[in-house]
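Each of the two complexes below includes chain A, the first together with chain B, the second together with chain C.
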Partner chain A sequence: MLAANKYENPILLAPMVLFLLAFLGFPAVVDIIYSFSEITFETLRAPKLSGIGNYQKVLADPEFWQAAGFSLKFGLVTAALECLLGLFLAVFLSPLFEKRTWLLAVIMMPMMVAPAMVGLMYRLVLHEFVGPLPYYFYIWFGDSPSFLGSDNIFTTLVIIETLQWTPFAFLLCYVAYRGIPAELREAASVDGAKALRMLWYIELPLMLPTIAIAFFIRFIDGFRVFDNIFVLAGSGPGGSTTSMSIFIYLAFFKLGKIGTAVAASMLLFVAVLCLLVVVSRLSQRRASA
Partner chain B sequence: MKRYTSLNFTALACAALLATTSLSQAAVTVLGWPGGPEETALRAASEAYNAKSDTAEDDKVELIFFNRDGFFDKLQADLAAGTDAFDLNLLATYSIGRYAPFMKPIELSDNAQDVYGDAVLSTMQFDGKQYGVPTDLSMHFMYYRKDLIDALLADEAAKSRYGEISEKYLGEALMPKNPDDWSWKDYAATALYFTKAINPDSPTRYGTVLQMKNLLFNIMVFHSLPRSNGGDWLDAEGNVVVDSDAYRDALKMYKLLADNGATPKDSLSYEYAEANAAFGAGQVAAMMQWNAAAGDLTNAETTPVIAGKVGTVAPPTGPEGRFTHIHGLGLGLNKNARNEDGARRFAKWLSTPEAVTVYARNGGAPGLTEKIVATVAEERPDLVPLGDYASNYGFVMNGGTSAKALSVYELQAKEFTGYWAGQQSLDEALTKTKSGMEELLK
Partner chain C sequence: MKGFVTALRWIVFLVAAVAMNFPVISTLVTSLKTNAEISSNPGLWVQKPTLENYARVLEVTERLDIFSYLFNSAVASLIGAILPIILAFPAAYAVARRGYGRNILLPVVVNLRAMPLVIFAIPIYMMYQWVGLLDTRLGLGLILAVVNLPLALVILVNAINDIPIELDEAARIDGAKIGSIIMRIVAPVCRPALATTFIFGFITAWNEFLFGLMLTTREATPVTVGASFFFSASGGGVQWGVAAAVMIVAALPPVLLGLIMYRQISGSMTAGAVKG
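== the complex of A and B ==
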């Protein structure tokens, strides 16, 4: 019986480990080799090791830093907006959702749409001649703003991303809000705390770890954004909406700079990994405190 | 009994698998351009080829397709991986150089020159070799509103206003002309005149619609303008000459039209579909667009607002002549083809008068010589100007079929849109384009 237990776990885990090695491990190893090689589409099977040249090129490329800056700004702004809106909805609409639980399904719907489809949808919605939004702007105000012009494109993209992913932040915040023990609220109420004080001193501190996790997950997602931006605006005039993922895609497929693209993807991987480690450590420290 | 049944089933399955494998090895597998008239035409041509009495069983053609999105990226990855899943595959003029290392040159039929003419054949050539059989030709037409231009030409007061506007914005008092006689300045003057923000009496909101999204295909649409000013990518010695007055003037004209509101506000995010929607809504007087749009823009069901009011001519003339960018789609031979001989025979047949007429009658858009197009002119009148414009005005930039041609288009798209958006100066845009091209084409 003991012998059976000894081998049971490795045997049960083996398929998953093999799957991960084949579909994640192998490409990761190939990527690492390519990132240190001179590589083109003609030499995919015979890369020539060239040291850290690709990394030096990427780090000296102003377009890489422009893309990193865009991703950072986009990730931070959208994650902050989504968490604020999600928190607001979770706290202020909680009584409504308690009574009408089916509304939760409705509010989750934007998350169900593929990001590329969202980009495509807004290409239609915002088009001056076929889109409903410019149509009503013309009827009501006699003119319509340039939603996708170079001055407004960042704001438009942030709003679209926020509209799609606020439900995710809302869901986490709502679960955290509902998880606060009722006796804490009762005790605070007996001590004379009004709603705002209760929110600030009791509920928000208890929800903070969840909000932080929601923020980091959304930040990582926003930082590596690709589909909806690429479908809606491409890499933008002058490359102004080039995120890190778009930079990597363009370098790889459109410019044929495979080494540069793979080195950039490795840097992105390391950055995200570091962030995850920090978040994980913070969560552990808070849990043990 | 049960055991025998199971064995029989296994044997049958193996036999079926072997049969399927040997069949797929024997046939000629062609990877085509999915969806749209190109697929329909290729299906008809392959059926006609398979039905021929002298087509051997091993030479029968099977077609495969994958999605259009990212088609050329996926094809590049497949070819680089040494795939033998297809014998012939789609080629485009601007990507021949990129795929040439994974392909083999082909031979066309003896009368291919009489069928296509030199300009069209050159869209499938690289390093002096024929890498593909041309199937479809893409170029640009100028689409304009006949009703609006006719009204303008008949109205003296409108002509005078037109002259005032052109003098104010272009520094020259111009008079309206027939669109077939337009220079690029006439085009710009007409675009400004039909812009409501400039001329409140204009029946349209915008005079033109420019496709200014950071996208390589939009730069192809733009290219007819600098070319008519004498612009090119490389000179005869192979030096990059993009930092020229020809490009400078062309880029400035686009910016002038955009800054003065002659094109929709969101034009920096516009491509093919958006431009068609604007023109189809009846709010644009004239635009440059791919020939493929002609079907929709002249169809009363798809664009009822402008039905019967649309004229098409070749793009306007510049100081160095009248030009339209052309590029072709075609089929080329995979270096790792399993059935190379069969593939060569099919490619050769595709360039015969018999094959191109089948292809044309079934929705394809081959660029054909006057003699050949006459045989299908009744069913496909739209193909007549295609061959005419291709031979008279068609051009491919010097370097436009090189291995890095696509990357050059991408680079120009990025830098030129940066200038149009006001993010960098014209000098910066051209300097960066020149140095980037030198890096790519060295």
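== the complex of A and C ==
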């Protein structure tokens, strides 16, 4: 349908575009300028350009690399676990949900709770003296691991994140599984395909694009994790649970190293941008193939 | 054999449901215990249920004011849920009906969802300081609107795509202006999608933590941040009963909304992921 005049379309987009420019465009420009400047809280309005010093400092900072490594590992491990578990639940429990969709609400509930609240709740759940989990560990196994000790904290955080967000992967897989055309299944079962073979050769390949999307979304969310780790463990023993987001937050708010924080932000921005470009190229190639 | 498999399915469902909801379940149980019972019985049953902890949470003191945290969260979340709809709806119309912005604007906005927002947090903090939006409900609400905007756009573009174009063409021929086509013809048909966008945005905004932590200090503290104040409430150790009760209070609004509206939410989550 044609617009009545040539200004109509731009006017329709203008409010949203202006809003985004003000709240993301302007900050992005400030980020870029500050990242190349010598900057302290006193010189906020008059940044002195100083070249790539901030970047050199960040790239030479072992804590930055530790945070990057943590985020990467955390994102990959949680996304993989969530997708595997979600896929299993979606396929195995699908007959239960067909007749009783309200059961979905029970599975989706963890996603409705703020991750920050979940992190705080685990402070209670895992507490040595008042927490239910250590209590049952003592009763059943005679001993309880130190969940937040340096040996176990990564595993603990991965499990916490996975338990909260498996429902997301489950939901995507479940919808994809239910969306497989009945004729495909019938044609296959006429051939006498057993359930497992049907899953492997017919259903899984059809669900693969959805699983890939779920993995990507969960990886990004795991990579930028902040809330639950921050309230539960802070930066962890020896900074071992400092994610990229926590690194930037601490550099700015706790240490006042604005230059470091801003340069790290820009590096994160570029990294995510590259990832997005690669992923969208891949999905375009899929779509056109 | 069939009965056995069904039983196994139920067992797996129950184990998964309990494991994934475990923090909420045990916090709820703890919030109903007396202080004495919390230390003597950390298990998952209550000997003498009490509402004493909830009464303590609702007490307003000089340092802690749950009502103000809830009010801040509600106002900021309303802004954060409504504003994206107002901004994205006309844009979604241009994208869906005219294909205007489909090639560049739509993918850019959609991909914003993947950007860690902490990247923009520092300049936004400074910007807020300059314009006086720091520690205000409006300031927090505006940022929550940024968070919700991408998904709102995706859902609304899909919704308008699903409406037959004859509907607004007929109105156009009758001489209706673009504004009234959008408001009087398209918007009413899109009501379910608008409601979904609102509910989903409200839940997301309510549950947001990073910006609440950074952009508020005292006046506009949302409940996700305010709840953690209860952990260090009194000089001594944490009062676990009160802490548990405040977490339940803070988590209740989005959880209730989510349980009531789970169909719409699951629809928008999957649509936003697959079509976005």
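In this text, the second predicted complex is superposed on the first by the 285 of 289 C-alpha atoms of A that agree within 3 Å, B and C clash if a C-alpha of one lies under 4 Å from a C-alpha of the other, contacts with A are read in each partner's own complex, and residues count from 1 in each chain.
One rule holds in what follows: contacts are C-beta pairs under 8 Å (C-beta built on N, C-alpha and C of every residue); 3 or more make two chains touch, one makes a residue touch a chain.
Every value quoted in this text rests on a predicted model; they were computed, and no experiment measured them.
When the two complexes are overlaid on their common chain A, residue A:Ala195 makes contact with neither chain B nor chain C.
By the document's definition of touching, neither partner reaches A:Leu59: not chain B, not chain C. Legend: residue contacts after superposition of the two complexes on their common chain; A:Leu21 is shown touching neither chain B nor chain C.
In the superposed model, A:Leu250 lies in contact with chain B only, and not with chain C.
Looking at the shared chain after the overlay, A:Leu148 reaches chain B, while chain C stays out of its contact range. Touch criterion not met for A:Cys274: it reaches neither chain B nor chain C.
Looking at the shared chain after the overlay, A:Leu96 reaches chain C, while chain B stays out of its contact range. When the two structures are aligned on the shared chain, A:Pro132 is found in touch with chain C, with no touch to chain B. Put chain B and chain C next to each other and count what each touches on chain A; the higher total goes to C. In the superposition on chain A, contact is made by A:Leu232 with chain B only, not with chain C. Shared contact residues of chain A, touching chain B in one structure and chain C in the other: 44, 123, 127, 129-130, 253. Chain contact summary for the complex, chain A toward chain B: residues 41-42, 44-45, 123, 126-130, 144-150, 153, 232-240, 250, 253-256. Those residues of chain B that touch chain A in the complex are listed here as 70, 73, 76-77, 79-82, 98, 101-102, 212-216, 264-266, 268-269, 273-274, 277-278, 280-281, 283, 404, 406-407, 410-411, 414-415, 417-424, 440. On chain A, the positions that touch chain C within their shared complex are 1-4, 8-9, 11-13, 15-17, 19-20, 23-24, 26-28, 30-31, 34, 44, 89, 92-93, 95-96, 101-118, 120-125, 127, 129-136, 163-164, 166-168, 171-172, 175, 210, 213-214, 217, 220, 223-224, 226-227, 230-231, 244-245, 248-249, 252-253, 258, 261-262, 265-266, 268-269, 272, 275-276, 280. Residues of chain C touching chain A in their complex: 6, 9-10, 12-13, 16-17, 19-24, 26-27, 29-30, 38-39, 42-44, 83, 86-88, 90-91, 93-94, 97-98, 100-101, 105, 107, 109, 111-112, 114-127, 142-143, 145-146, 149, 153, 165, 168-169, 172, 177-178, 203, 206-210, 213-214, 224-225, 227-228, 231, 238, 240, 243-244, 247, 250-251, 254-255, 257-259, 262-263, 265-266, 269-270, 273-274.
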